[in-house]
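Pasting the structures here.
Two complexes, one shared chain (subunit A), two partners (subunit B, subunit C).
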Partner chain A sequence: MPRYELTLIVKAMQRPETAATLKRTVEALMERGAVVRALESLGERALPYKISKHNVRHTRGGYFLVDFYSSPKMLPAFLDHLKRDVDVVRSTVLRNEEKETGSARCCVREPPSAK
Partner chain B sequence: MFHVVRSPAPLFRLLSPRGGVLVEAVRGRKSRNDPKAKSKADRVKLPPRIDPEEMVVLKERYEQYDLVVRALRAEFKQEIVRRRYENEVGSRAEERAKREAEEHRALMEWNDRENLRLRQLRVIRIQKQVEEEAKKRAEVVSLREEKRQSVLREKEKEILQLQEEVKTFITTENLEQRIEEALDNPKNYNFAIDKEGRIVKRTALP
Partner chain C sequence: MLAIRNVGFMQCVLSQHRLKYSVTEFGLRSLFSASAEVKSSDDMPIQMDNPYKELPKGCILCNITVDHKNVQLLSQFVSPHTGRIYGRHITGLCGRKQKEVSKAIKKAINMGFMSVTFKDPSFLKDPNICNIKHLE
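Right after this comes the complex of A and B.
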């Protein structure tokens, strides 16, 4: 199964409500047969620009990352479901490759000397 | 009647003696059946006059000469015939046959020896080739086997790793706990880097 990463921006809320939103989201994922690997928070921050969603203008939001494995077929349905969630400001699902070593070669091999 | 002929056919020129011209009997204005001329009506053609004594002497000499030449000719002819006869049938024939048989045998022997030698070389060569091939095939097989083994080992390692990681996955039971944990430890992936390559991970959140 391919591995995906869901970047979630939720409305700036109190802690129990945020927890409830996250719980809802993760359960929606697991319902559709995904295996959730990890859940990370990037804190509550100011959004880079004001976002209007569901008739509300957001200035701050909570950023969360969800690693999961799932079938690609259920992703459109899931994104659709997230669009309808009032508390979710923005969601993006990206492919997360399993291999870390090997092909990715950085141009900056070693730190350049005194320049 | 005897005309000097500048013959149109150049072949005659070639056969004629150097500097000479060809004289041949050519009918001039008259053909065969034309009547004789009046001035030539009484002409009697006589053969050349011969001297009888001269004739006798000449005849004798010619007979002797002829005899000798004929004898020589016959002699030479017979020699040739005899030589040919002896070559095919006769004393020389046997020697020749023997010699040829000998040569034939020698050559056949040489041929056989050569064949034997070459065959031995060939056998050795083919053996070596077969061995080489077998070795190469064995090598290929062993290489493939090794590759397969290594791939298998890789996969096993991955599986084991995954099995370890499975323990950290989120399930319905530890969902709430994990949410609390996540909310308590916000992670920050931002960093700054300068041209010297120094990384700074401590950035302020807006």
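Right after this comes the complex of A and C.
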């Protein structure tokens, strides 16, 4: 199963409500047969720009990263579900591939002389 | 007569410069003799790094993974006044890394990590990597 990363920006809420939102999201994932690997919090901070969602103009939000494995077929349905969630401001799912380190091909040729 | 005058002049000049070589009135040739008092270590090559050594190739982001979550790194390649991404001639990055940075910045903006029109104020004091002078 390919590995995905969900970047979730939730509305600035009190701790129990944030926890409830995250729980809902992860349960929705697991219902659709995903294996949640990790859930990281990037803290609550001011958004880089004001985001209008569900008739609310948000200035602050909590950032969370969910690492999961799932079938690609369930993703459109899941994203649709997230769109309907009032507490979620923005959600993005990206493919997370394990890159091989040690690609020694970087900058074999001379870079353009800027100085 | 001219010869003697010249020798006198030569001796004057040479004595001013305090040469080690011994000069007589008739022996200007001793200047060019091989048996002058020269230390053998004077002529040895001076130890130094190879002046023709090629500088190590590679742009500044060589072997550094560019991530869309690393907003501080990405902000270094963005104008503080307008938030626009600097071109290759300013950043000095190689083709591949410039593309990676550009894509990562656009991704970060879209996902809500980075601002569109300005650089995050907490990153304004970061050291200037790019080849650009800002109007103060």
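Simple rule for what comes next: the second predicted complex is superposed on the first by the 99 of 115 C-alpha atoms of A that agree within 3 Å, B and C clash if a C-alpha of one lies under 4 Å from a C-alpha of the other, contacts with A are read in each partner's own complex, and residues count from 1 in each chain.
The working rule: a contact is a pair of C-beta atoms (placed from the backbone, for glycine too) under 8 Å apart; a residue touches a chain by one contact, two chains touch by 3 or more.
In this text, all values refer to a predicted model and were calculated from it rather than measured experimentally.
J.: Would you sort A:83 into first (subunit B), second (subunit C), both or neither based on which partner it touches?
T.: In the superposition, A:83 touches no partner, neither subunit B nor subunit C.
J.: In the superposed arrangement, does A:39 touch subunit B (first), subunit C (second), both or neither?
T.: first
J.: Just checking: does A:49 make contact with subunit B only, subunit C only, both, or neither of them? Give me first, second, both or neither.
T.: In the superposition, A:49 contacts subunit C only.
J.: Is A:7 touching anything from subunit B or subunit C once the two structures are fitted on A? First, second, both or neither.
T.: So A:7 only meets subunit C here.
J.: Once the shared chain is lined up, is A:22 touching subunit B (first), subunit C (second), both, or neither of them?
T.: A:22 contacts subunit B only, not subunit C.
J.: Touching subunit B in one complex and subunit C in the other: list those residues of subunit A.
T.: Overlap of subunit B and subunit C footprints on subunit A: residues 42, 108, 110-112, 114-115.
J.: Of all residues in subunit C, which touch subunit A in the complex?
T.: The contact residues of subunit C facing subunit A are 57-59, 62-63, 65, 69, 88-94, 96-97, 107, 109-117, 120, 131.
J.: Of all residues in subunit A, which touch subunit B in the complex?
T.: My answer: residues 15, 18-19, 22-23, 26-27, 30, 35-46, 64, 108, 110-112, 114-115.
J.: If we count contacts the way the header does, which residues on subunit B are in touch with subunit A in the complex?
T.: Going through subunit B, the ones touching subunit A are 165, 168-170, 172, 175-176, 178-180, 182-183, 185-189, 195-198, 205-206.
J.: Would you mind writing out the residues of subunit A in touch with subunit C in their complex?
T.: Listed in rising order, the residues of subunit A that touch subunit C are 7, 9, 42, 47-49, 51, 61, 63, 65, 89-90, 92, 94, 99, 106-112, 114-115.
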